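Structures are listed in the sections that come next.
Each of the next two complexes has subunit A plus one more chain, namely subunit B in the first and subunit C in the second.
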Partner chain A sequence: MTGFLRNNRTILLTLVFLLGMIAFTFQGLEPKVGMSILLSGITLAALFFLIASGLSLIFGLMDVLNFAHGVIFVLGAFVGLSTLMNPRLLFNTLPFFLSAAGGVAIARHLGTPLWQRVNTERGRKILWWSLLVLAFALLAFGLRRFPIRTLNAFSITTVGGAVPTALAQEPLGLMIQRVAFLFLAGLPFGLAVAPRELRQENRRAALWKSIAITLGLLVSAFAILLLRDPGEQFILGLSVDWRFLLALTAGTLAGMLAGAGIEIVLIRPFYGNPVTQLVLTLGLMIAGTDLIEAVWGEESHPPMEPPSWFNGACRSDSLIAWFSEHCRSIDVLGRAFPTYRLFIIFVGIAIFIGVGILLKRTRLGMIIRAGVQDSEMVQALGINVRQVFTLVFALGSGLAALGGVIAAPFLGVFSGMGQIFILQAFIAVVIGGMGSYTGAAIGTLILGLARAYGDHFVAAGIDLPFLANTIKGSPAIARASTVLIMAIVLLVRPAGIFGKKE
Partner chain B sequence: MNNVLEVHDIQTFIGQYHILEGVSLEVPRGSITVLLGRNGAGKTTTLKSIIGLTPPKTGAVLFNGAEIQGKPTFRITGQGIGYVPEHRAVFRDLTVEENLRIAERKKGDLALRGDFIFNLFPDLKRLIKLPGGHLSGGQQQMLAVARALVPENTLLLIDEPSEGLAPVIIEQMIEAIRQLSAYTTVLLVEQNFIMASQLADRYTIIESGRSVKSGQMADLVKDGDTIRRYLGAT
Partner chain C sequence: MQVSLSRRWQKIFSGRGAQGWVYLAVFALLALFPLIAGLTIGNPQAASEGAGFFEGLLQRAESGYAKFWQGMLIQMLILSIFAMSYDILLGYTGILSFGHAMFFGTGGYAIAILIGQHFNWPFFQALGAVVVIAVLQSLIFGILSLRVKGVYLTMVTLAFAEMFFILAEAGDFRQYTGADDGLHGFPVPAYLSATEHRTRFYYLALILFVLVFLAARRLINSPTGRVMIATRDNENRAMMIGFNTFWYKLIAFVAAGVFAALAGALSALFNVSVTPATLTTFRTIDALAMTIIGGVGTLIGPILGAGIIQLLGYWLERWFGANWTLIYGIIFMLIVVFLPYGIVGTLRRRSFGWKAGWARWKQLLTGKAAPG
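Then we have the complex of A and B:
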């Protein structure tokens, strides 16, 4: 028991401190007001956590400060919104990704003998760049005049109902040409990223495997293209719950894909060069926002339609009643609280536990925890750390994108929605201690509560014991309070609450 | 093939610094070979160059007769090289068991060699559930060596196992390395000449990034001149 207390001293002290603060703030408040502020704070914390956890893992393992993380959050929200409201974009772009991946899969297998023939460093550099230029040229040629903006146009005036676009579909023949071009573009890219040397395994079996994967990807690409009209009708005919689930999946997958792409193309060539990586992710933050505006437009969209489970026009008395009634809000100590926010809290907690189990119980988690301390040593044990890096980047980005989809019915969807969140998530990670998973959770909890209480007290004013007048502040003070907390924490513990001293 | 490892005239740069200016050495199968030399001579860099953590710019490294230089580190060590870095880099947040399990290359490696390992280091069995960071310096060193024994390795690279340890623990360490060398070949970096002379069959001396002398340890012990000239101690 004493051992347990000693080992978990930091977390226990922090929790006691937090509880004390909450109890203290409750004193001047009606219980129902205090409770609703508390729940709002935890809702915010859950959203912050979905971003901060990935940020913290990526920094801990790879020492990369990923500013592009906020863009992934926005990307998730937009992909989710598109899936929910207008699946046409998905049906028309998914085949591109699949066929390009097919090209990569087969060329990656065939590329190894090519690289073995080119032995000099200079020759390899020239080959790498010419393959890359060829890939992008084919990509640009294939996608020229692809009307992504019009394909994606959807009316936003009728919130709550899916709105098929009035515009005609792109002709099928043209789309098949594009898919073929993207397959060709995948080939040089696959050659470029092919392993540089043969492994001992059975080449023939590996070849058949690559061919099977490529064929599978191509067949599904064409299947999606051919079935796009009935498919679109089918998805639009689904209930909003199914479409929401689909939106969650599509958004998360898009985030993972984008994350893996960013790591492979932009981050991987620059390990050991943190300034370059920092500038690249900063640039990506700006360019990514513009890119999202280019595809989805600059206008902001009202909150996405939540699943029907959280959308009934009524007010449940308790959680049990909500299970049968599916009301929009629930009675908390006499005050209405949106049930969708409870869902956000639930997702946040579920992800916290799920990723925690992944880290604690699986081999991958073991490698991640070891790599956070010393990735060189992990590599020296015969483990391909670079692969784990890509995986963690994809995983962290997937979490951020999931956060984006989850936030969409709560915040609305607009290209700047990531900016507040990325900043707060950074502050939370710094408070909790860079690279610490528990730290990210505690840091986001502190920030979420601080924001919620800050907003309340700014509006309601604070009565201090020895002052006659109530002190009122501007909302800017509530926002600044998080930075103030960070400053105080860093003064006491320079590495953050759970940070390790080097 | 008589030599597990052959290093031919490797040159290594770290940043702009020319650290190794020509190191060659041989490690015969079944032997304990020790790298000697003053602080900063390039002994640790030699080990790191062998497994590609600081890849050599020129020269060749042969492991079981096949060239391995230029390959990624995980491929090199994956062929059967165990690396025990200086400052005993055990993973602080992982338990002793996890520290061992992470080194598994095939499922069941630990189950297969667990008895041998815990025979060598009985302390570790008792501490199995403790985080690596809670162990004493000596225990961490044992764990670092034990970790290199988990997968099937034909060569162990051990960097300064005696550094910062109490004399009693050093005795234990010497005994453990002697026992494990019955199963694998060892390349050792050691400042402690007494420990080195008790353990090693062969030696290579490195001076300012060059290998200057190699031979049988038994001959070196008698050669006071060489010891004074390159190692500065008795």
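Then we have the complex of A and C:
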């Protein structure tokens, strides 16, 4: 018992402190007001946590301060919105990625003998450049005049997302041509990035594997292309619940893929050079926001339609009643509270527990925790740490993208939403201690509660003992107050609440 | 006599010998720029009848493209001051601050508020107050944020700057800060109006720029500056030798803060407006980008970077319209990958980063582990 208390001293003290603060603030409030502020705070905290946990994991393992994390959040929200309202964009762009990946997969395998024929440094250089130029030329040729903006023009105008059939789709023949060109573009790129030496592995089996992967990718690319009209109608014909699930999956997957891509192309070549990595993620933040605006437009979209479970036009009396009624709001001590926010809280807690189990109970989690402590040592023990890095980057980005989709029915979707959240997530991570998973959770909890209470007290006014008038302010003051909390925490503990001491 | 004078100039400008003449030539070119611009791209009709050659030239410099390009150069000079101040932190002391816009914006707001309707201070008194405010601000936030190190410091400074941004945007102080509209049209002294006397303002900016350059150079080449560099290279060793590195970092923080505040004040005077945008992280990122593109740990680098970014922003916006930052971000990333030491840094090393940049990517794509 004493051992448990001693080992978990920090977290227990923090929790006691938090509970004390909550109890203290409850004193001056009606219970129903206090409760709804508390729940709002936890909702915010859950959203912050989805971003902050990824940031914290990535920083802990790789020492990368990922400024592009907010862009991933926005990407998730937009991909989710597209899936829910108008999957046309996904149906028309997914085959491109698949067929290009297929080309790379097969050519990467066939390229090695080619590179072995070319022995001179100069010859290799020429080959490399010409392959690259060829790849980009084919890519540009395949994608010329691709009307990306018209593909999602409808999702803005039609509420509920019913897209008129066969309107303004590009002809199928042209699309097949484009997909073929992307496959062709993938070939020289795959040749260019092929391994220079033969590896010690079963060549024939590897070849069949590559062929199978390529065929699978190509078949799925063409299948998606052929099924784009019925598929679109099918998805839009689904109930909003299924579409929401699809949106969650698609958004998270998009985030994971983007994260893995960022890690492989921009972060991996620069380990041991944190400033360069940081600056690169900054560049990505600048370019990524604009890229999203280029694809999805600069308009801000109204909150996405939540699943029907959270959309009934009524008010449930209790959680149990809600299970049968599916009301939009629920009665909390006599005050209505949106049930969708309870769902956000639920997702936040589920992810916290799920990732926590992953970290504590699985082999991968063990490697990650060991890597946070000393990644060189883990590498020396014969574990491919780079792969784990990519995985964790993808995982963290996937969480952020999931957060984006979850936040979309609550906040709406706009390209600037990432920047609002990323700063708060950074502050939360710093409060909790960078690299600490529990710290990220506690930090976001503190921050979410501070924001909610701050908003309330700033609007309602604070009675200070020595002043006659109540002090009132704007919500901006509450926003600034989170910084104050961070400053205080860092003055007491320079490495955050759960941070490692230097 | 002649020789000793030139030696002295060399010592002031470079401390490294022959390069001094290059600096002098560049400064001379900058000093002559309004006249050259007036002669080449100014509107010939702008010169009044009966004006002498020199007078006519000055009048031509106040017209057409000559005026516009002087404006561009003024902004470059202001940004150069800002970027140099940032490099004192990043390049010479090794402090990666993300809150440098805090000083820039506060400088702008301070002068705008002090000469504005509420205080009506005389101009030079207000300018002095800007310096005092900057010193106090950088002392307070320097002492607070230098308690932590590394990434924590980055995040703490970022958050402090965000706090100032939020406060500037808040409706509570609307009568002073103008909330999210910012302050516009405050009474800049008539003799300093950038619209009326562009050339005069240009020389003011140039003089301030040269002064800041010399001061920064003096600071860096002083024993204090050497300790700063030692702190950057290996803080533990510097502490072991017996320096309390905290004070040296604080000195760097204050110097950088004051220079940035001056740049901010100048920018406010030039535009006759300050907005909360001057306090955003993007302003800091601008300084960071200029420093990195030009070359971290050099004073010429940030100046070059400021010029490049100002021009790049101007041209990209003309060519690509509203989404120009997409191209800007990509170019920025390419520069970081291929010129890891920046332009000046790469030139000084006389080894271009092209090969290393490609090698890194090729190794990565071919699956071989990168060395190190």
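The working rule: the second predicted complex is superposed on the first by the 448 of 502 C-alpha atoms of A that agree within 3 Å, B and C clash if a C-alpha of one lies under 4 Å from a C-alpha of the other, contacts with A are read in each partner's own complex, and residues count from 1 in each chain.
In this text, contacts are C-beta pairs under 8 Å (C-beta built on N, C-alpha and C of every residue); 3 or more make two chains touch, one makes a residue touch a chain.
Values in this document were obtained by computation on a predicted structure and should not be read as measured data.
Looking at the shared chain after the overlay, A:370 reaches subunit B, while subunit C stays out of its contact range. In the superposed model, A:304 makes contact with neither subunit B nor subunit C. Judged by the touch definition given at the top, the superposed model places A:105 against neither subunit B nor subunit C. In the overlay built on the shared chain, the residue A:290 is in contact with subunit C alone; subunit B does not reach it.
Of the two partner chains placed by superposition, A:405 touches none, neither subunit B nor subunit C. Once the two structures are superposed, subunit B and subunit C can be ranked by residues of subunit A touched, with C on top.
Looking at the shared chain after the overlay, A:381 reaches subunit B, while subunit C stays out of its contact range.
Legend: residue contacts after superposition of the two complexes on their common chain; A:62 is shown touching neither subunit B nor subunit C. In the superposition on chain A, subunit A positions 386 are in contact with subunit B in one complex as well as with subunit C in the other.
Against subunit A, the residues of subunit C that register as touching in their complex are 96, 144, 147-149, 151-152, 154-156, 158-160, 162-163, 166-167, 169-172, 281, 285, 288-289, 292, 322-323, 325-326, 328-330, 332-333, 336-337, 340, 360-370, 372. Chain contact summary for the complex, subunit B toward subunit A: residues 51, 53, 71-74, 77-78, 83, 85, 89, 91-94, 98, 101-103, 105, 147, 151.
Interface residues of subunit A facing subunit C in the complex, by the touch rule stated above, are 59, 63, 65, 128, 192-196, 264-266, 268-276, 278-280, 282-291, 293-294, 298, 386, 423, 426-427, 429-430, 434, 473-474, 476-477, 479-480, 482-484, 486-487, 490-491, 494-496, 499, 502. Residues 197, 363, 366-367, 369-370, 372-374, 376-386, 500 of subunit A are the ones touching subunit B in the complex.
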